[in-house]
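Given below, in the form of structure tokens, are the structures.
Next come two complexes built around chain A: one with chain B, the other with chain C.
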Partner chain A sequence: MTAIIEARNLSRWYGNVLGISEINLEINPGITALLGPNGAGKSTFMKILTGQLKANIGEARIFGEKVWNNRRIFSRLGFCPEDDAFYEELSGLEFLSGLLSLYGFNQAECSRKARQALDLVELADVADRQVRSYSRGMRQRIKLAQAIAHDPEVLILDEPLSGLDPLSKRHIIKLIKEFKNAGKTIVISSHILPEVEALTSEIILIHQGKIIARGDIYFIRDLIDTHPHMIRIKSPQFRQLATTMAGEDYLLKMAFEPEDQAVIFETHDRDRFFNRLNELLLSSPLAIDEITSPDDNLQAVFDYLVGK
Partner chain B sequence: MTSIREKGYHHWEGQFLDNPRPFWPISRTGVKLAFGRKHFKLGYTFSFLPAMIYAVIIYISERLEDFKFIAQGGDKLLQVNPNFFKSYLTLDLLYFAILILMSIGGAGLLADDFRHKAVQLYFARPLTKADYLLGKAGVIIFFVGTLTLVPAVLLYILKLLFAGSFAFFLEYPWLILSILAFSLLVILFFTAFILLTSSLSNNRNYVISIIFGVYFFSEILRGISFTIFRSPLSALFSISANLKQVAAGFFQVKPPYNYPWYLSFLLVSLFCFLAYLIVKHKVRGVEVIK
Partner chain C sequence: MTTEIKRVFSFYFFLKKKSSRTKIFFLLSSAAILLAVVIRVYRLAGHWAENSQIIFQNILMVFFLQFLIVILALFYGTSIVPEELEGKTWPYLSSRPVSKAAIIIGKYLSSLAVTSIMLLSALLLSYFILNLDRDFQLKDIWTVVSYSLVLLLGLAAYLSFFTFLSTWLAKPILLGLAFGFGWENVIQYFPGTTQKLSIVHYLKSLLPQYTSASGRLSFLFIRLEPTSDWLAILILLLITVVFLGLAALLFSNKEYLIQD
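Now for the complex of A and B:
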């Protein structure tokens, strides 16, 4: 079986700025996540897949057909851009109906499909309100609605979860999983690992325009767990906490931020660290205001992978 | 060891729809949005005032005996001939009305899409750049067409109806073609002009100032040039003067400026062509970072 999406030696640059370089990959039905920090080349890759950019070198194919200048292919493709892209004066229903009419559906069909999509993203009750009055989360959902309204086979979703509140995020994740179960091919981009983790285990790591790793998310998780990790704890007894933890062999470094009443630990075994912290909290009256991980992000993993 | 990954499979149940006019929904939405803008409907209605006055003139010209008290000494003004149609289609008031309407309903055609980054939504659909531009142009064609071509043709028909004979048609058999051709040129010019200005910025207010700025600056430039050089060719700087000069050629009347009308025609055609090239270049699905 040939892959649904294929990229062969795909390269694109903007003047002197490299967008992507020699991307070779095949994507099959299911959810595939493109992970990378901002500016990694995810959007460039997606824009080539959606026919908005021409690759300088190489080619992208969907269903075995070239993407560039092949408008036929776009009937089977749905794209949710990262940026807001609306006619603010139109209502949600008019916005979707207008876009659906570009596929050649008649008015009645456009209206039916638009309502169906709005219902799916839980915007049916605000269908007749102007888009300009929508909240950030609603805007994100209507962007997704325009991508799915014509029931495409391939969905390209550029950061679809950004700006959503936890409840909407959960709903959209569920919806995307339903598309996957319906056999669709979904390519989703994100720079937030936990978001992707909730969606799929199939990931492609992209950094500085190149694919640096591809495969199972647990492999990436392992990489995160084995490289030194920073944990920042804000507590009124931050010095006492540091003293107690100082003897642990998995701790590599400690730093204080007295003005914030915080201590930063660096460890190479996060699980053991948190187990010990839990024990401490249960056995002593330590008050903790906040726990954050300053480097629990993809950039740290990329830096690790590229050997920085 | 390679991990086992979940894969789905299904048959696509959608269908490829043949859309012979993919640009039409864009034009329709643009027209609808324009009508939804504040004061647009009022401005659009008032823009038909010149056409109505011209219709009255046709009526009076056919009933001169009944309107002698009005027509005293104004017989020349009431003559319906090629110059009458040329004067309607080159009316400064009409052009001003078009500029006003297009600044309300046309300035944002591309500028708003750029601002809202909506172009990418179009280009991720079964639509070519030509379809997109044609859709946007359709909005201007509709409004300029309903203010130039449609009233001019209706005035021509009105003349034939009021005359009750084909004498006028037989006297000027080419006139209807001139009306059609010049109206199309005016439509083409304003479409190119508005789309070009709209593509120059993503701020519609800035586009509006460019539209009026360029139009009136071209007049000022003509005046300055004529004051310095005293040459009729100074009219080549002015948008309305060029259109009037071309109209004289199309309607076979004496040109207002002493140079061949086809020079203005070439200039207008060149402008439209360059505008097309620039707009085509400016419209992209993505913002290009350099």
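Now for the complex of A and C:
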């Protein structure tokens, strides 16, 4: 099957500053998340996909067609930009209807589709209010509404959940998942990890303009095995525990948190560490209150992979 | 592409009708109406005996020709691209199925439509306020129609030039100001062919009273070496088409970055 979105050797600089470098990827239907810190190159990649920027090297294709100056593909694509920018004088309904008219829909269709999109993002009751009077969350939702109003097959959403209250966030996440279930291709960028985890397990980690890892959440987790693990143990005898473990060759580092009566071990062999810990617990009167892995989440994977 | 231009035109005409900029410039253009009312009242009180046609020609030359059409074209034309970039609304346009040339031409036409409405309403109202009396003749209607057509031609040409500047420069307003109120004002006093390197030269050539050397503002007419009517019209149309074409071409191939 041909991928919906393809990037081949995609590179882009802003003068001497690198935007993205040698991005090669294929994106198929479903939700794919671009994850990376600010300035990682997520927005540059999305701007190339939406025809705002031209790649210096390589090319981006959507539905097998080149993106730059190719207006045909834009009737099948919806884009939610990151910036909080609008035609402020317009009401929510006028904003959506106006943008829909650029697709060639007649006035009645524009109005119907605009109202439908406003319903979806739960803004129907403020449809006639000027966008300038909307709250941050409402503005974020109307931005999403303009991306989905024409029922596109591909959705490119740049930080679509930022500024939303938890309730709206949950609603939008549900909506995006419904698009996925309808067979659409959704590319979403975020630097807020729980949001990404709530949306998809298909993740692309991007840092300093390069893709540093790609895969589902489990694949990313596997990557962690090539990196040290952190295990935090809270115990009244945390010093004794540290002394006992200190000689083990798979142990890389130890750090103390005396105020919490805890010790953090860093190991590159989690299995051997836990085997030894079990032995110790059986053979000595060590009391353990809590064992946690501070790095057992997406943020930790990301931090490891970018070498934080 | 015509349908795409129509779509862009409709959207932006609607948008411009609602914008606060339009309200401000509508008020500014109404200054001519206010001036006409004041003069009319003054004349009714028997203070200003000069022919009202001559008075209107002075308003036409100073306010409409050398100020209003230039300032309207300058502010609407030079903002065509920067307003999308500075307002960060460019992604909404660039991700729609309309060509970039259609965006420029559609936005140009919507600006021309809005500014033409302002210009014509101010021009016609002020003319009739000053001249509608017992001496008013049918031929006076042709006079005001010809003034309107000349000013519309001028507006179209200036707007096209400033639209081109907006596709070319990040901050086109400064060069626009220098051109509209510097170059255009100074160059017309140069003798020979140099004065033909301005838009205002062809507009003055078309105005029926260009040879008038009477009145307080006669200095505005000195040194004008007029171009023939048809050639002036042709050159104004050519300026409009060439600069609009260049703007569309440049905009289609250039990349525009939103500054964070």
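Heads up, the rule we're going with is that the second predicted complex is superposed on the first by the 219 of 308 C-alpha atoms of A that agree within 3 Å, B and C clash if a C-alpha of one lies under 4 Å from a C-alpha of the other, contacts with A are read in each partner's own complex, and residues count from 1 in each chain.
In this section, contacts are C-beta pairs under 8 Å (C-beta built on N, C-alpha and C of every residue); 3 or more make two chains touch, one makes a residue touch a chain.
From a predicted model like this one, the values you see are computed outputs, not experimental measurements.
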Q) Does the chain A-based superposition show chain B and chain C clashing or fitting? A) clash
Q: Once the structures are superposed on A, label A:Asn181 by its partner contacts, choosing first (chain B), second (chain C), both or neither.
A: first
Q: Identify the partner contact of A:Phe274: answer first if only chain B is touched, second if only chain C is, both if each is, neither if none is.
A: neither
Q.
By the touch definition at the top of the document, which applies to A:Ser201: first (chain B), second (chain C), both, or neither?
A. first
Q.
Let me test your reading of the model: by the given contact rule, A:Lys54 touches which partner, first (chain B), second (chain C), both or neither?
A. second
Q: Look at A:Gly15 in the shared chain and tell me whether it touches chain B only, chain C only, both, or neither; answer first, second, both or neither.
A: first
Q.
Contacts for A:Phe256 in the overlay, against chain B (first) and chain C (second): which applies, first, second, both or neither?
A. neither
Q.
Superposing on chain A puts chain B and chain C in one frame; which of 1-9, 37-45 or 163-171 is the clashing stretch?
A. 37-45
Q | chain B/chain C common contact set on chain A | A | 14, 47, 50-53, 69, 71-72, 74-75, 77-79, 81, 83-87, 89-90, 98-99, 101-104, 146
Q. For chain A, which residues are in contact with chain B within the complex?
A. 14-17, 28-30, 47, 50-53, 69, 71-72, 74-79, 81, 83-90, 98-99, 101-105, 146, 150-153, 156, 180-184, 201-202, 215-216, 218
**Q.** Residues of chain A that touch chain C when the two form their complex
**A.** 14, 47, 50-54, 69, 71-75, 77-79, 81, 83-87, 89-90, 94, 98-99, 101-104, 146
Q: Show which residues of chain C lie in contact with chain A when the two form their complex.
A: 3, 7-8, 10-11, 14-15, 18-20, 87-100, 252, 255-258
**Q.** Residues on chain B engaged by chain A in the complex (per definition of touch)
**A.** 3, 5-10, 12-14, 16-19, 22, 24-26, 28-29, 33, 36, 112, 116-118, 120-128, 284-286, 288-290
